[in-house]
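Let me give you the structure first, and then I'll get to my questions.
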């Protein structure tokens, strides 16, 4: 075939595949939002769910999802950051390091239900945390750590070595160089990694069924004492999240409007993830600009 | 500096979390709060009853979770939770020492075969049902329906609904390996949308998207369950340890009280205990209840 | 005439011969030896070793390290302030004002503050110009704003870039041109008040105009700093350095005053190299 | 020798102290992760191996048996715990979805790096990242309400099966494979491209003959990673594959994967019983498979490094 023709055809095919992906996403999003949007209302977003009658909302679940997300990131980010720094900056290139890397990778491909059950046996039963946000957050931490560590490590590795040399040559320790120079430079891509993992946490169900639980007791949003059982801030209360709620409705829901609630909740979930994503890109771009360009 | 401030805040939050965790751990151990785990089918009932109960008894907290009957029974046996909700008798669950647990029956659930509406089937004999589920009959035409391949959808192995169905509707025959779903909602959705599908769910899951099937011309109604004319039913159990604490005992009593039995239990599509004209033991012996009907 | 460097290396594998061509510069009370290597070897990985020879560097002089690619001059330079610690093993003595800094009990951070380094590619931090200069000072605990401002001004002036950037100190350093960035990096190195400045081909990524600006800067800095510079550029070495060491295949073949290296080298290979016959 | 200077140089500076602290802190973080990872691995292994050591199930029967029914013992008194249908199912969906995803992912990656980097960054990157963010419950839900009926109308049967699972997984691993392929293509030095184009090659020839060749190890890694993802995915697959512990007879007959059986059954069994242990054995198989995928990635990486 004429190379020029081949080139044209290939370019066309590539445009086609790229277009297909965009189309798939558009179709997915469109479907979710079109089926879910009619059910979303202020009432739906703020009122508690109903077990067996129509008209339930997802207010508590929505709050739980966010709270759990924040707690999980609070726990997992520092750990992942430390591990990512060690792996990229200090770890000697030997068999042990590669063994540890492999082990972490393996954890990331374990089905989350296994992680959930492990979390159940350790946190819920062994440590006596019970079905609680805290148990859920710890289990999600397990689930989240491998990916987050990896993305942080990659973000750090992407910062040129010359930056490290610059710091070292000034008589600074590697640690100071990493914390004050490399980390800020890697911040945009770290942020992207964090937000992407936030999306995954937000949508995770299987790991939470046995840890944070599948019930959402009524909350008193005027009570901000974290020690009170009905306070939204209490990390020891059981907390069904949005994703778990969707799962539960689809599997055992007997309310007459189960389908509506489920599609509404799915749409909310996807919109939330969408917002995470967009804000991540926005913040990432802003940060990048601020750090690199002249105004 | 901003970063140090942030790091400090983080440490403080983690410490607070730890303290709160420890504090509440003590609370859990006290008589203030109990946890019920197990059957996802029973969860809505216990949850609703728990909310009611907490409303009347301030300061007590009933934590209700799913996880499956197996999990419920094993956790109550281990003493990790106070109440294990189960769709099956503890005796029927492998790995459980039933003698160590106390059974509290809180409701009865009737189970009915359901088929896709396009199958043209409204009634099946036990023999036909067995033939279908053991794979001897593969087309609805053979049992008087339309020319449509039969698609069997089972509940997961170990599910209480499946155990009950196999024991009482299939006379103890095992279903041949087929599709499995682990929840009633999913089963109903699949049966409703898949031509030729047949499965079984609790009465409360039957709605207009699927066709409930009579067995031997007996309709799946609460009335027929109450008299055992419809034998495919089971108890919903709440198991406790022998020396359950006060709150646990009180709460179970509350669930069994006529207040809950006549309101929540029926609203959720169960048959209340006091409606039953018969009782049935784990071995399947059926006895009439004297004068129980009001 | 082309002499195969490898055969040369094998023929003259004898230290005594080498030492004759390494002329120790005449140290005086005004220009004492600040840095000196003794029996330094660098090992990469297993057995691959570089014998770097014994050299002395005088205070407030510019010494150029020249030689073909892979001759080990950069490795030598980076070993001087132990930037190679993580990738290579360096044995032998590195005497900084008489103190052997190639010892485990030496605090490398304090040592590197005194022996600063500027790299081949400009590597300003992704911060503002001002922050680039004061960053290391802040990390060392200096917080006085006035003092910091002062140091920023002096170091930028020393690096001859003050006039160009004084109005945009809070702008990102990455927005500067390559030549400006490199001078900023020099200013950054000067801010911590080093004693010696190591420069690893600092002009190789710059255009001729920036290069000559940089050279002028170095000549001015000579008054207060000892400078050791690796360069590929013969003219540059001839223009700015007082002493020149010629490296080949991991060893110093000749070390002498720059004028002598360029006009009457003792070693034929040096002659070939400075004449542009190979490299 | 300069005594004062020597002292100053030997004094431990703040930097040295910070370095030590930093090293300890970051190392403990890594140690913590490593510890939990190994705890989980040991936990799964001990539970999964109990099937063979405590319940005396023949390991070979487990791997090759075709009947999965842990509550029943067969004629020889051995419980029926044949995992072959699930292992087959897992492999088939994984391979098929990878097969389907690879051309799309690599095509898109080429588009993003070679043809239209601007549009790639502005449209396709957010798109792939969004695809990662959609929860698997939602994927399963859509699979159930859209993919399964479509397959049913086209191919007949119930619509549940490997094909439905493949489609759902295809969309789910697409972003992983794409973004890793993009990374792989980006590591190909620019002068490769420039050299090829300068020689008069068309863009496609450059891509096909130079860039793809140079990036092959990275692309293979991306595919294997996608396969590992697919292998471990549970909820979404479980909703569409039908969960029948049967050897898959066709792409549209209900079958099952390791994860789907594991997720469905784990709540209905009692800890420590054979039924439960058998499920953990499935988890162990998953773990081992994930290890193997990892080793493959490493092997590819090493091969790639050798070629460079």
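Just so it is clear, A, B, C and D label the chains in written order, and each chain counts residues from 1 on its own.
Assume a residue touches a chain if its C-beta (ideal position, glycine included) is under 8 Å from a C-beta of that chain, and two chains touch if they have at least 3 such contacts.
Remember, predicted model here, so these are calculated numbers, not experimental data.
Undergrad: Which chains make contact with subunit A and with subunit C at once?
TA: D
Undergrad: Which chain maximises the distance between its CA centroid and that of subunit C?
TA: Checked the centroid distances; the maximum from subunit C is B.
Undergrad: Mind naming the chain pair that shares the most C-beta pairs in contact?
TA: A-D
Undergrad: Could you give the separation in Å between the centres of subunit B and subunit D, each centre being the mean of its C-alpha atoms?
TA: 35
Undergrad: Go ahead and note the Å separation of the Cα centroids belonging to subunit A and subunit B.
TA: 33
Undergrad: How many angstrom lie between the CA centroids of subunit B and subunit C, rounded to a whole number?
TA: From the centre of subunit B to the centre of subunit C is 79 Å.
Undergrad: Report the inter-centroid distance (CA atoms only) between subunit A and subunit D in whole Å.
TA: Whole-Å distance between the two chain centres: 17.
Undergrad: Residues of subunit B that touch two or more other chains: which are they?
TA: 40, 66-67, 71, 78, 182, 186, 189
Undergrad: Any chance you could list the residues of subunit D touching two or more other chains?
TA: Residue numbers touching two or more other chains: 13, 15-16, 19, 263, 266.
Undergrad: In subunit C, what residues contact two or more other chains?
TA: In subunit C, 109-111, 139-140 touch at least two other chains.
Undergrad: Output every touching chain pair, sorted by label.
TA: A-B, A-C, A-D, B-D, C-D
Undergrad: Which residues of subunit C touch subunit A in the complex?
TA: 81, 83, 109-114, 116-119, 121, 123-127, 135-136, 139-140, 168, 171-172, 174-175, 185, 188-189, 192
Undergrad: Which bits of subunit D are touching subunit B when the two form their complex?
TA: 67-72, 144, 148-149, 152, 157-160, 238-239, 242-246, 254, 256, 263-276
Undergrad: Under the stated contact criterion, what part of subunit C meets subunit D in this complex?
TA: 96-99, 101, 105-111, 139-141
Undergrad: Which positions of subunit A touch subunit C when the two form their complex?
TA: 160, 162-163, 165-173, 176, 180-181, 184-185, 291-295
Undergrad: For a test of understanding, state which residues of subunit B touch subunit D in their complex under the given definition.
TA: Residue positions touching the partner: 40, 66-71, 73-74, 77-78, 93-96, 149, 151, 156-159, 174, 177-182, 186, 189-190, 193-197.
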